[in-house]
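Here you go, one structure.
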Amino acid sequence: MTRPSTKHLAAAAQQIALLAVVLGVWEASVRIFDVPAIVLPSPISIFEQLVKLLGSALFYRHIWVTLSEILGGFVLGSAAGILLGTAIGLSRVLARLLFPYVIAFETMPKVAIAPIIVIWAGYGTGSKVIIAALIVFFPLLANTVMGLRSAPREEIEMLRAFTATRWQIFRMAQLKHALPHIFTGLDIAIVLSVIGAIVGEFVGAKAGLGYLILQNNFNFNIAGSFAVLFVLSGIGIVLHWIVSAVHERVVFWVDSAPALSRN
Amino acid sequence: MTRPSTKHLAAAAQQIALLAVVLGVWEASVRIFDVPAIVLPSPISIFEQLVKLLGSALFYRHIWVTLSEILGGFVLGSAAGILLGTAIGLSRVLARLLFPYVIAFETMPKVAIAPIIVIWAGYGTGSKVIIAALIVFFPLLANTVMGLRSAPREEIEMLRAFTATRWQIFRMAQLKHALPHIFTGLDIAIVLSVIGAIVGEFVGAKAGLGYLILQNNFNFNIAGSFAVLFVLSGIGIVLHWIVSAVHERVVFWVDSAPALSRN
Amino acid sequence: MLSISGLSKTYEARGGGKTLALTELDLMVRRSEFISVVGPSGCGKSTLLKILAGILPRSTGEIELAGELLTGPSRHIGLVFQAPLLLPWLTVKENILVPAKIQRLDLVAAAKRADELIEMVGLGAFARSYPKELSGGMQQRVGICRALIHDPDFLLMDEPFGALDAMTRETMNAELQRIWSLSGKTVMLITHSIPEAVYLADRVIVMTPRPGRIVDDIAIDLPRPRDLAMHSNPQFGEYVMRIRRHFNSEGSLDA
Amino acid sequence: MLSISGLSKTYEARGGGKTLALTELDLMVRRSEFISVVGPSGCGKSTLLKILAGILPRSTGEIELAGELLTGPSRHIGLVFQAPLLLPWLTVKENILVPAKIQRLDLVAAAKRADELIEMVGLGAFARSYPKELSGGMQQRVGICRALIHDPDFLLMDEPFGALDAMTRETMNAELQRIWSLSGKTVMLITHSIPEAVYLADRVIVMTPRPGRIVDDIAIDLPRPRDLAMHSNPQFGEYVMRIRRHFNSEGSLDA
Amino acid sequence: DDPVRLVVGTSTLNVAYPIVTLPQSLGYWSDEGIDVEVLTSGGTLQAVQLLVGGGADFVEGNVSAFLQGISQNQLPLRVLAAHGNTDWRFVVPKGSDITDAKSLAGKRLGMVSLSSGGMPLLKSYLTGQGVDPESVEVVPVGFGAAPVEAFRRGEVDALLYWGSAVAGFANAGLTFDSFAPKEWQAYPDYSLATTNAFAAERPEVAVKLARGMMKASLFARTNPDCAVELFWRDHPDAKSQGPDEATSKAWDLNLLAAQTETYTSAIGLYDEEHAGGVTSENWEKMQDYLQANGLIADKIPEPDFLVQIPDFISQINDFDKAAVIAQAKECKL
């Protein structure tokens, strides 16, 4: 336990150092180039707003609303993407038939059809979850399809030789090989579900971080908007950590590129 | 040449049959449930609008504007994603340092920072290209990182034993293994670059298909908006075909799951 | 048990080139017979095995297995592949249990059998190790256990002892002979050791270089059970010599 | 040329378990010497080879190669791995040229040499085939060519002839002997064929089962060049017997 | 010379923006000797961000946002001229009993978003009439089809939108009554602004630009039909897509009428000779309203938000009105 924790400490130190540099450069450039605060607020003013936000009880309700939209869209969209991806990944015929439809549907900007979604799914969190899910869906589908196809032919033949059914081959080999791809998809899904939830809230919401951004913008409090954006980033990073941790635990057998050891 | 072409014909026939069924069901439900045209227009009315659009010379200018934004965002975002993904994929330290920043940056809704982008990149296609590129960027980064890590340890060790440098290992093995992942990323990038270009145009544009959608929405010509959405879908499908064709040509050695042959 | 007639196999390579791997192959194997297949590298031995396993389509010919036309993989076959082909996310024991899981056998009984097989091949300490943690020869032994777990009637083995040292190989030979004599399995063993082929088999099939055909089919008339002393039996030496001659005459370089 | 002292290697497995693969290993190899390494499956032969190749960190010990402390891979080493490890997107010839490309050798000369090597191993018709289109033994032969393309001083081979039929193997043995005697390379050959070990080597190193140690180091005092008749030389038989005895006494099952 | 850049706080320009489209169509700006590039950007905030970030020279948008920016963010911004006044109105079902603040209590009201200018308007109206703002449930229903559907299905009892949006609802086939509190008309709305620096360095350009817009306003008010035709000529894809040409025309005329109505009504913020100007009294009302609703902390003295170019309003009205009227009536396409 001691070894990893010192390693983690060092990593955390690097992180903090980098963060300090980034914020320092930002603060300095805002000052030097005299960037107007309403175009790009300084880190310090954003931090002040952040402190203010975190001190207000109401803020946590907004976080909760958006977080549930993000998680809802993430889970729903990922599940749908993995399921349809599995169907398409296992059947060339389905792939040929459905893939163009999926592309066609997914290239339709969700912002453009958001009003229709709102009409169907209501003005509450439902429509935001659906918008996020629709955006999240495709990366998982594409990664699942490719992942299933990445199972080596020999391994599948081995299982077939022992009379494995299609379903057994899927469970025993293809799914395992798809997992690293699926986890990549989930990382992308995090980013997109955050964006999706906010885009949904921009179309019309009564609460949530997207609503707060609009509200702050309306009040010309751009630093406040950025503070909310930072909270969104924080949510994204935490979700990424969770996904990474699950990934490492689940996909234990992949032996990735070795550190260039020096003996 | 004859065999594949009959096979392609059969596939095309299936496609067309499915398309007919989808459109038929859509038209029927719109009629039966008496869905208002401003909620979901019927395929026939969309088709009429499409014919009208395709008959106007001006339309092709809009297509051209948006297509160049899509392609610009696709190329720029993909290239940036692959490059940074390569850096992160090859170095654990960089991965640990930069990945959180990338997630943080990518979870920020691009719509919220659009004005900053416009100030930097101008009003024209430039800012749309950048918005699309920013959205496209992350899936390629994530897939590149995972792809580079998917190179089997033994292969890398073999190259190292023959004194390959880090760069040679990258070129000779890791990049090859990353390619299928990168192509998955490109498929996702198509979808996202279309969305990105449109979102960019929604922020403010003088031409382009997103501009047309807004215009049509404003005029409550929802069938017209859908006609434009269908054109976007068409662009997406064509780009997908191109990427797939390149994929098959480039990644020739991957022997994916065999058809369950019956001897 | 097995009857092959007019079998041929042509591979189509990427550039469009074709490789005729097997041609005009006829073969009958009786129930409980032990046959060895020898032939130069690249003559189509593995191809034959994959066709019999039902995982590679043939180009021409008919195959009858246990009275039925072969149309796909069969539960009665146990296979050892030329490469170990273990699943990296499963432990040694789990890998061995894969056919039992596929065929929904009684897993408690299968697990017991797996432990016995693991002991037999000398991997007792590694039952819970992952394939990556094994040496090449150890992996191959896991592959042998896997082929036996579901107690198949017909054992198809592609150079199963190729990665084993001389002594382990002799042990495995003895074990295989014991299993065969007790269970009455039909065995087809592909090997590149001519003495091994003769030592174990009732019949040795000799194949020509690509395109593979059967050039000799030698009944090995040596008493059973056979032990290591058999290697010094003059008749044994004659069989070995007869087979070696085929190789030399068929264009392999003379040493 | 090579001097190893106090070498040991402990693998850490997933569950946290440790495997001591090599222990207290000392070895000196002179320039232009041909040594064979034999030992039971899983005794650490491949581990030793990977450490010498500079791709596996050792746990303890010092290694000196050509007068320098070993700290990583060396251009002077040519390697044949136990598995073929060919790159699937390269043709046979391109795979063979990989070390030449890595070391930025003259590619025209290297291509010529590759063609010769391909002919030597009998793969003339397959220079432009991809690895998937080759049989197991053919892939292994490609691996052998790859180890020779950059004309290394020190050749490390891990069971290079394991997947080859008897005849091809004899041909390859003869070729290896020829190359060695002409070029003065230092060769370390891991093999599980005791006769092959004796036939080719100046010295045979015998290793114990895991954890691997050197239990015998036998100078083979047989005249050179050796031909197949050597196999019937009584002295040859004695060497073979001496080595076999090690295996039996070290706990491998008696046959 | 590079063209001066005028950003409009909207994502698309349609027929309802004659003051920025007609000067191009009729060459008013080139007659003045200036080259103007008209750009669009999301909303007024984005337009202001572009202006202060150096991405634009002029901005046309909600004057309340300008005042907020000056008050809250000390933006170096100056208002030049007001073109419209607040034309938000309540849309209620035909014959509905919702006719005033009291009758709104307990009802659901659809609005574009909860962070739009409608919110403070609603609040000040309700409180002014002694109604608790909490008693009205506001639902964000967005643009376009969504509010129309929500209204049609009875998911909201009323809508609160601006004039041209309401005209759009009518075009979409919605039938309704509408009403607006009288005091809203005293609040200037769509206005032109620029930076301090630009106003100081190139006042003549500001005058010329604003004068072109005043001419366009007059032209559109005089002959809306011609303004629509000109717009169609120069912006063919932005025209309404009715089932036939006559309907399209009728729709676009409706949209334009909603707009010209606020132009006309904005002239009432001063007088005919001072079109584009706003009396101090009306600025006061506006600031009172903004302050009461917390949109600005302190009231701003006029010199701190109004452009200080001498006789600016007179200068921009200094053109041959009769000629413009004649030109409009003649309507040469």
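Just so it is clear, A, B, C, D and E label the chains in written order, and each chain counts residues from 1 on its own.
Operating definition for what follows: a residue touches a chain if its C-beta (ideal position, glycine included) is under 8 Å from a C-beta of that chain, and two chains touch if they have at least 3 such contacts.
None of these values were measured; they are calculated from a predicted model.
Common partners of chain A and chain D, by the touch rule above, are B, C. Shared contacts of chain A and chain E, meaning chains that touch the two of them, come down to B. The chain with its Cα centre farthest from the Cα centre of chain D is E.
Seen from the Cα centre of chain C, the chain whose own Cα centre is farthest off is E. Because chain A and chain B share one sequence, their contact can be compared position by position; here over half of the interface residue numbers appear on both sides. Chain D is reached from chain C by a rotation of 180°, derived from superposing Cα atoms (nearest 5). Centre-to-centre spacing of chain C and chain E amounts to 86 Å, using the average Cα coordinate of each chain. With centres taken as mean Cα positions, chain C sits 49 Å from chain B. Spacing of chain C relative to chain D, judged by their CA centroids, is 26 angstrom.
Separating the CA-averaged centres of chain A and chain B is a span of 17 Å.
For chain A, the set of residues touching two or more other chains reads 39, 115-116, 119, 157, 160, 252, 255. Among the residues of chain D, those in touch with two or more other chains are 14, 54, 83, 130. Chain contacts: chain E has residues 45, 49, 53, 143-145, 149 touching two or more partner chains.
Contacts from chain B toward chain A in the complex involve residues 11, 14-15, 18, 22, 39-40, 90, 92-93, 96-97, 99-101, 103-113, 115-116, 119, 135, 138-139, 142-143, 145-146, 148-153, 156-157, 160, 166, 174, 180-181, 183-184, 187-188, 190-191, 194-195, 198-199, 202, 210, 213, 217, 225, 229-230, 232-237, 240, 254-260. Across the interface of their complex, chain D is touched by residues 11, 13-15, 19, 38-42, 45-47, 82-83, 122, 128-130, 133-138, 141, 159, 162-171, 173-174, 192-194, 227-228, 244, 247-248, 252-253, 255 of chain C. Chain C makes touch with chain A in their complex at residues 50, 53-56, 73-75, 77, 79, 81, 83, 85, 87-89, 98-99, 101-103, 130, 132, 150.
Chain A makes touch with chain E in their complex at residues 35-39, 114-116, 118-119, 123, 203-206, 211, 214-215, 217-222. Taken together, the chain E residues at the contact with chain B in this complex read 10-12, 14, 39-42, 45-46, 49-50, 53-55, 143-145, 148-149, 152, 168, 171-172, 236-241, 251.
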